[in-house]
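Heads up, the next two complexes both have chain A, just with different partners, chain B and then chain C.
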Partner chain A sequence: MIAVALPSPGVILAGAVTAAAASLWLLLPRGAESRVARWLGSLLGAAALAGFVLTGRRLGGLGEEAVFLIVSLVAVISGAATIVSRSPVYSAIWFALALAGVSGVLLVLGAQFLGVATIVVYAGAILVMFLFVLMLAQPAGLAPYDRVSNEPLLSALAGATLLGLLTLSIGRLSADPSCCQMPSKAAAMAAGSAGKSGDDVQAGDAIDTAIATDPLAADQVARLGGELFGRHLLAVEAAGVLLLVALVGSIAVVSRHGDPSGELAPARRAAS
Partner chain B sequence: MNLLPSLPTIVALVKIGLLIGGLMTAAAYLVLVERWMAAWVQDRKGPNRVGIPLTKVRLFGLGQPLADGLKIILKEDFTPKHVDKVLYTAAPLVILAASLAIFAAIPFGSSLPPIPALGLTGEEPLLVAPGLDVGVLWVFALSSIAVYGVLLGGWASNNKYGFLGGLRSSAQLVAYEIPLGLGLLGVVLAAGSLKLDTIMNAQASTGVWYAFAQPLGFLVFLVAAFAEAARLPFDLPEAEQELVGGYHTEYSGIKLLLFLVAEFLHMVTAAFLIVIMFLGGWHLWGVTGSGPVETWTVALLRFGVLSAKILGVILFFMLVRWSWPRFRFDQLMNLAWKVMLPLGLVNLVAVAAIEEFRPQLVAAVGEGTAKAAAIAIPWVVFFVGWIAAGMLTPSGTDNTPIRTHGPLDIEHELVEV
Partner chain C sequence: MNQLALLQNALVVGAILFSLGLVGILTRRNLIVMFLSAELMLQGISVSLVAWSRYHGDFGGHVLVIFVLTVAACEAAVALVFVLQAFARTGRLDSAAWQSLRESNLPRRVDHELPAIDTVPPTFPRLTPAGVLPAADENDLLQREHV
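And now, the complex of A and B:
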């Protein structure tokens, strides 16, 4: 309907990438504060977002699209706000919000376990530790070197270029019909029942593939677990050992702190 | 394009409305119950005067929640000059939103029989998000989001007491999430699902509540749930006597109300989880049956049993509040890391072993004996683990003050523990 008046997607994408780079450069903390730069940066950022939304692929229904748009905008805007915030505590909060947005995107796409695990692991544990340290470590304001970002121009350019390339390549991939098409369960079931007259094994395979790729199938956590502890068992075990080593290492570092003998300090021994 | 909401959407909205309305009303009246309980424990009368406004009818004080609510809402919503305004305002909203969103995955009954008149042809589960396959994790995730409210409230208040309360709270919640998770894991392992209604069904179909099959897990979970709800004896984040209310010291009016309601909802959530995961949910032997819901009688009976159990657990929470003194911070941390964490691990290993060898056990000694053994062995583990914890970590449970370092050292220790 409005597509008539718009330039080609490539032009929009190029414009959006440029606007994103300029907006990031204007917004990143560079020491000198200017109200005009912040306003201009925010406007350009909004324009870039609009460009990306326009070039993106449409999802299914109206409701799904609206929810996806909201959560993804939350994720992107909070992500940008994370790096342009002047206060580390605010950065951490924005990061938490970005994680909430990403988790929302995963939930919309049907990856329930990943969505919830993102919240549990990142927002619930790691970021709380960040906040804890930030609040304890900087009660008296910020050091000067914390108030500016390193190389704002180069990093804004690099980030925007990466963004453009990724959008382009993902757009090409998803335009290719042989890839990324999620077979709906109903279609696969139909294919399965159609194939029943001929090859039963193939029909069963079709249903299996459909269930394996349908993110909304009922027992997805069980299947994820089966996959992790079946095909990727070695990786899971290796990660477990790695974490254990890290844990032991950190305890060793703490207990030797200021005490070359490696013994616990007397006060600590009494406390424990 | 069809802009009218579909039937599942309407049903979900009705459920959300019922749940939020019910929770808020229940929270208001539970505050009254808590005050009655306090009065009973302390041998006084408690609130018994407010009845119907403008009349002299007293109704045992049942009008008290209304009066309390009106008073706190009409109070001046004062924002001190020295606070960080954005985060100061956001904190109570975050904590309340998170504690309400938890209930999306918590079933508040079994299910309703089909209602063909409304187009509901299947059983309608009393659960806002029945398609969520990761219910337990959802609850866990959102209760960890609630920490943000406390932490931000404490930090944004720009007040020593508030800040200390926020710090204590985050350390405590992060520490007790681990035993909480270990307690959950035992149940998840035994039921084979992360869905809370499946967990209830599993208990109903075998008739063995997980509190009996996993006593050690139940104990660990109960203690961790108290700590996560920040109820006495774990209320160090607030600690009126030392921190003047902790993270909500600087709050007043409606924002304070949001904090208090959220805190209360944490207790209600904990009660729901304890009942659903360990006390059989809606199941009661010989009363509710265990199959699908066919009649309204069964549906209402199950709802009633679940509600009664939850009320019972909440009353237990309230009674404990007036029975136990508050922990010291190092005792709190010792309890989490040196007692509850190992006990939780022992429970997990025991449950895993029993579930792994159950088929062999059934084949060797028969169905009945195997079932009895699967209950008896965890109780042995429970007593052995409990005695071992008591003997091996005396300093975690005794009450002797630490005299080897000065006040500054203690502060240092507290922060680092």
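And now, the complex of A and C:
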């Protein structure tokens, strides 16, 4: 009914990417703070986000679209705030919010275990470790190196160029089988275990792939665990060794070369 | 739900997160913020991997993201140790404090004097005093001194 003459998606995308570059350049710390630059940067960032939302594909259902839009906006806005915050503590807190958004996106994508694991492992462990280090090492007030950045214009341009190229190539994805639709191994395995022949796998591909990682299945996490400890058992063992090596290595580095100022040296001598 | 549309939207979200992390790791000078930007890039990759996993109906992306989480934990532990060591040596979390490690043909980064932060002291609301100030009780004052 209301015929709004929108420009073509390519034009919107180019405008959004340009606005994103300008917004990042205005928002990144550049020494002299100006309220105008901050407001203009926020406005341009909002315009860029609106452009990306406009060029996004319709998911089909209003509820799904709303949920996906909200969680992805939370993730993207908090991610932008992470890199433009002057205070590293604020950066860490914004990163926690970005993690919440990312885990929401993962949940929408049907990865329940990963959505929860992202919150638990990242926000619960890694981010707290970051905050501990900040508490140990952060000088009072804003440090001068937090108020300037390296080449903000060139970096914003590089990031926007990468973003434009990626979104361009993502927009060209199509359901053409010769292009992107690989036959799913999980579907083939599921069909094979059910005793189907190869032709049925091709015919019932869509149905079988929907069953293999069905997020509504009660045992989806159990299937993920079966995949992880079945096909990827060796990699799990290697990851365990990696964790052990990282633990031992970090303790060794801290205790051997720690504290060149020598403040703790008497205590260590007394201990040994 | 339109699977291809979901894949494309999630890939765009992942690309935006990755680009933001790239800009952050290129520009920011605080070592901690640089690591946070690297973690932001990892998050973008995770979203893309899970989106492909959803599209193909395969657990490969999920498994890869689990290993990304593992390696990120290891990386954060080791890297934060080095950040602490760097802080102990220079007293700063500044990546430019280590610019003597740069290539010999690159110019030295010189920091100019920054303008002072024009921080307005915060104004807090004041409660208007009401009523009469009660007379001080001597016993009360004595007890308070021991608190």
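Before moving on, here are some points about what is shown:
In this section, the second predicted complex is superposed on the first by the 209 of 272 C-alpha atoms of A that agree within 3 Å, B and C clash if a C-alpha of one lies under 4 Å from a C-alpha of the other, contacts with A are read in each partner's own complex, and residues count from 1 in each chain.
To be clear about the criterion, a contact is a pair of C-beta atoms (placed from the backbone, for glycine too) under 8 Å apart; a residue touches a chain by one contact, two chains touch by 3 or more.
All values derive from a computational prediction rather than experimental measurement.
Once the two complexes are overlaid through chain A, chain B and chain C fit side by side, free of any clash as defined at the top of the document.
In the superposition on chain A, A:116 contacts chain B only, with no contact to chain C.
After superposition on the shared chain, chain A has more residues touched by C, the comparison being chain B against chain C. Once the two complexes are laid over each other on the shared chain, residue contacts for A:70 go to neither chain B nor chain C. Shared-chain residue A:43: touches no atom of chain B or chain C.
By the document's definition of touching, of the two partners only chain C reaches A:149; chain B does not.
In the superposition on chain A, contact of A:62 is made with chain B only, not with chain C. By the document's definition of touching, both partners, chain B and chain C, reach A:136.
In the overlay built on the shared chain, the residue A:88 is in contact with chain C alone; chain B does not reach it. By the touch criterion defined above, A:233 lies against neither chain B nor chain C after alignment on the C-alpha atoms of chain A. In the superposition on chain A, A:125 makes contact with both chain B and chain C. Taken over all C-alpha pairs, chain B and chain C come no nearer than 6 Å in the superposed arrangement.
Touching of chain A by both chain B and chain C, each in its own complex, is seen for residues 113, 117, 125, 129, 136.
Residues 1-2, 4-13, 15-24, 26-30, 32-33, 35-37, 39-40, 43, 46-47, 50-51, 53-54, 56-60, 62-63, 65-67, 69-78, 80-85, 87-89, 92-96, 109, 111-112, 114-115, 117-118 of chain C touch chain A in their complex.
Interface residues of chain A, counted against chain B in their complex, comprise 62, 89, 93, 96, 100, 112-113, 116-117, 119-120, 123-125, 128-129, 131-132, 135-136, 216, 218-222, 266-268, 270-272.
Residue ranges of chain B in contact with chain A, taken from their complex: 1, 3, 87, 131-134, 137-138, 140-142, 144-145, 147-148, 151-152, 155, 163, 166-167, 170-171, 174, 177, 192, 194, 330, 334, 338, 395, 402, 404-405, 409, 413, 415, 417.
Across the interface of their complex, chain C is touched by residues 24, 28, 31-33, 52, 56-61, 64, 68, 72, 75-76, 79-80, 82-83, 85, 88, 91-92, 95, 98-99, 102, 105-106, 108-111, 113-114, 117-118, 121-122, 125-126, 129-130, 133-134, 136-139, 142-152, 154-156, 158-160, 162-163, 166-167, 170-171, 173-175, 182, 184-187, 208-213, 223-224, 227-228, 231-232, 235, 239, 242-243, 245-247, 249-250, 253-254, 257-261 of chain A.
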